Amino acid sequence: MSFDLEKTMQAARDNTLQNKFNRLRSNKAFELFVVGIIVFSALVIGAKTYDIPPLVSQVIVITDWFITLFFLVEITIRFLGEPHKRNFFKSAWNIFDTLIVIVSLVPIEDSDMALIGRLIRVFRVLRMVSIIPELRILISSLLKAMPQLGYVALLMFIIFYIYGAVGSFFFASINDVLWGDIAISMLTLFRVMTFEDWTDVMYETMEQYPFSWLFYVSFIFLTAFAFLNMIIGIVVNVIESENRARQLEEEGEQPNRADLESQIQQLQASVNELLRRDQESSKREQ
Amino acid sequence: MSFDLEKTMQAARDNTLQNKFNRLRSNKAFELFVVGIIVFSALVIGAKTYDIPPLVSQVIVITDWFITLFFLVEITIRFLGEPHKRNFFKSAWNIFDTLIVIVSLVPIEDSDMALIGRLIRVFRVLRMVSIIPELRILISSLLKAMPQLGYVALLMFIIFYIYGAVGSFFFASINDVLWGDIAISMLTLFRVMTFEDWTDVMYETMEQYPFSWLFYVSFIFLTAFAFLNMIIGIVVNVIESENRARQLEEEGEQPNRADLESQIQQLQASVNELLRRDQESSKREQ
Amino acid sequence: MSFDLEKTMQAARDNTLQNKFNRLRSNKAFELFVVGIIVFSALVIGAKTYDIPPLVSQVIVITDWFITLFFLVEITIRFLGEPHKRNFFKSAWNIFDTLIVIVSLVPIEDSDMALIGRLIRVFRVLRMVSIIPELRILISSLLKAMPQLGYVALLMFIIFYIYGAVGSFFFASINDVLWGDIAISMLTLFRVMTFEDWTDVMYETMEQYPFSWLFYVSFIFLTAFAFLNMIIGIVVNVIESENRARQLEEEGEQPNRADLESQIQQLQASVNELLRRDQESSKREQ
Amino acid sequence: MSFDLEKTMQAARDNTLQNKFNRLRSNKAFELFVVGIIVFSALVIGAKTYDIPPLVSQVIVITDWFITLFFLVEITIRFLGEPHKRNFFKSAWNIFDTLIVIVSLVPIEDSDMALIGRLIRVFRVLRMVSIIPELRILISSLLKAMPQLGYVALLMFIIFYIYGAVGSFFFASINDVLWGDIAISMLTLFRVMTFEDWTDVMYETMEQYPFSWLFYVSFIFLTAFAFLNMIIGIVVNVIESENRARQLEEEGEQPNRADLESQIQQLQASVNELLRRDQESSKREQ
């Protein structure tokens, strides 16, 4: 029993610390402070793109390390504050945060790798998304819409691949930079899809193949059509789920019409019973 | 009592003047006249952009002062016509009108400031929006839609900021005009988003970083996706509020189905009572 | 009586001719033939844009006159086939057709006016719209959607006008071709709105006014927003009228829920009457 | 009877082979294998667009023939597996597959025809669409949406034709490459519709005809309007069919309100009968 007591006390002590961290990480002021640090780190990153005197540059390097340290402390608090440690890594956002913190701990001072180091620090701005709930919901709903787009994207890719291959076969000899191989052809086709100087590309090939405008115009129509289909698909999906939600709501708050019908039938049966008895009693009376 | 009478008479006299102004500003003809003056002032502004002989220019300057005076008189009438003076400045449109009138009273004849003076006069055309109720409603509904776009705009800004920083780190040495610092990089990215000669920007960086097309294509996809999300969000919002309005209307004009059910149950109870009594009376008879 | 008979016979005779024309113009084969002639006249117009030998050119001129004659005959048949002559010119399409036929009768052989003559013949292709009912419906629904767009169009124009004036005031000294006066400025802004080489325009003014990108970016945002608003307005309108139509349909084919309620209340009253009598009779019996 | 038995056995034997093929072609693993081969053939096509050493080129030629053979075997299996041979060619997808297989069997080694041969092999990638059911459904729904677009497309064509003819008449002398004849004019107008350097085209003609901007701006408005109309038409169509489907569903699962009404009226009649008898019996009693 003394052992039990000890264990309980230990749990209580643990609990206190955990609770403290838990309360801290749920604290609105703490969250705002973290957002503030992220914004500050974003500003530091932005500042680095300007020509800055060496002294300021020195300050920035130190600030950088402070921010890294702060993020390390913050993620540790959030981890220790989690009642069930396993659940912590079940959230993709926590894994994302931890990865960014760990990677930014790697010391990269090498001039060759300096750009990579900077790149990693830039991704710290993405923590803004993981810390603001509204943005997290936005991203989740975007990702949820993805699978529905899957087959249209596949169809689009097939269209690009076929046109890329045909374009490369026919036009590679005309302009090697635009149609050299299937990869570069697909990039050129993406450019045509965005209408970016697509006529320059077309007029060049029309000199040798006068009917090559059919290639471009049909490609534009096909991709525009597939794209339109994608948008309409999303809109319809959204309206459908909207309607379904409304229908469920209506059914929940109001009795079914079928219920009304069975109630009226029951009532009719009762009245019929009354009629039968009345008839019987009048027969008896006669 | 005599004091009361005096006060009442004073109020009556005030009222008369106020009523007169109030009637004037609600007058349809007066409103049309104000719209006419605004259109005329817009034409004067347009005329100033052409090469005009000095005499006409002189006429325009005088006209300008007449228009300013008219707007001053008009806003004074509307202010005096307001029964509760405090409410006047509760309307954002009144504040907007007053500001424009006051600012255009400032005499700017200095050649350095002439452009500023012209700018202020241009904004008088915006009074068209504040005087036509339909345009006011349009603007209000646009502003109401704003907060919903807030988080998508924030997400868009984060995307721009990250790509701007990355672009500036990697490409500043290639083209300083386009990628010199994070601000100019974001402007270049806005250009890429509008597909404006974006391939020229891309081909330049692809010479040094052959895989930089990934940077551009991924950026275009991300922004297109966020933009699409924004539009769909608005459409869904509109449809939802549409449905809610319709539902409220239906519930208002028609009794609830739950009401029907309770009425039928009450009826059943009455009929059951009849049956019970019938049974009793037949028992008594036997 | 004999006079009456004569009049009736006259009417009958008139009727016969009118009926004949009426039947002719409602004839599907006749309609198809007219469509065929319009297509043929369109082909003739297209052929004229190519270099053609003089002989063919001669043939085309003759064909042209035959087509003009045919259209004259056709419109005459349709006019004579109309039972109430006044109604004929109540249809905007008939006026449109008549105008095109009359104008193409004017002989323009003058070399200066030859282009005008060709232009008039081109508009004959528009008769395709007036003869195919589905296209007529399409155009009508487009025109019906117009008034709803009115205020957004006005707002758009105000935005264009203000930015045009500001652009002309500031940038006229930089590039007179693009910003010379308010009219040419508005055309340049339309170009910016379509994203057509808008950065070239911007970079030029940014050399003198480094913050002029604010002018372009804000303009693009405002017009994009107004445009978006317009599209959403149309979609919502369409959905609303869709819903209203469906609601009317539902109300027509199904009794109102309020009716059901009053019927149940009536039933309750009847049952209550039964209960009252039962009570009375049992009182009497006691 | 012995003959009957023989026939039955023959049918059984046939059936076994047919069943085997039928089971094979419905086999999920087999389908995946076919998809794998199609992807592999697509990769081979892509590889051909790169500079490849002669040895690899040799390997590719052999691989090509193996793929052709495999497709021949696969289509044969699917044909033999079909219980009713006639139904096989009722499916447009089967005809499509068979055509591609047959055409790719034609030996084209001629250098002149090599490009055609390559083209045919590229279309084998399209078999991806015919083998994946989801893509087949997507294409079907796209094709089903086509007829609705018919009249808008016709209207669009008329707009293009008229503007093409007018453009060719007026501007052919200014720029023969862009406005030479009606066909090339329509291609130029398509370019204007995609906003591709349309101002370059406009500024050129504005030098001779200062008001030709009206031609371009009106064309852009008309096509944008027709395009908008097309999109809205599709969306409305989709929402309508959505609503109709939901309505049918509701009517199916719930009794009609009219049914409820007739039931209540029947009930009222029964209660009225009760009242009448009660009255009669009370009269008798008196």
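Read from first to last, the chains carry the letters A, B, C and D; within each, the first residue is number 1.
One rule holds for everything that comes next: a contact is a pair of C-beta atoms (placed from the backbone, for glycine too) under 8 Å apart; a residue touches a chain by one contact, two chains touch by 3 or more.
Since the model is a prediction, treat every value here as computed from it, not as a measurement.
Trainee: Show me the overlap between the contact partners of subunit B and those of subunit D.
Mentor: A, C
Trainee: Pick same or different for copies subunit C and subunit D, depending on whether their interface residues overlap by over half.
Mentor: Different, since most residue numbers here occur in only one copy.
Trainee: Measuring centre to centre, with centres taken as mean CA positions, what chain is farthest from subunit D?
Mentor: B
Trainee: Which integer distance in Å separates the CA centroid of subunit A from that of subunit D?
Mentor: Each chain reduced to its C-alpha mean, subunit A and subunit D end up 30 Å apart.
Trainee: So what's the Cα centroid distance for subunit A and subunit C, whole Å?
Mentor: Inter-chain centre distance comes to 42 Å.
Trainee: Scan subunit B for residues touching two or more other chains and write them down.
Mentor: 195, 197, 235, 239, 257, 260, 264, 267, 271, 274, 278
Trainee: Strictly by the criterion at the top, what is the full list of touching chain pairs?
Mentor: Touch list across chains, by label: A-B, A-D, B-C, C-D.
Trainee: Can you tell me which positions in subunit B touch subunit A when the two form their complex?
Mentor: 151-152, 154-155, 158, 161-162, 164-166, 168-170, 172, 180-182, 185, 195, 197-199, 213, 217, 220, 225-226, 228-229, 232, 235-236, 239-240, 243, 247, 256-258, 260-261, 264-265, 267-268, 271-272, 274-275, 278-279, 282, 285
Trainee: Quick check: in the complex, which residue numbers of subunit A touch subunit B?
Mentor: Listed in rising order, the residues of subunit A that touch subunit B are 42, 45-46, 48-50, 115, 118-119, 122-123, 125-126, 128-129, 132, 134-135, 138-139, 141-142, 145, 187, 190-191, 194-197, 231, 234-235, 238-239, 242, 246, 253-255, 257, 259-260, 263-264, 266-267, 270-271, 273-274, 277-278, 281.
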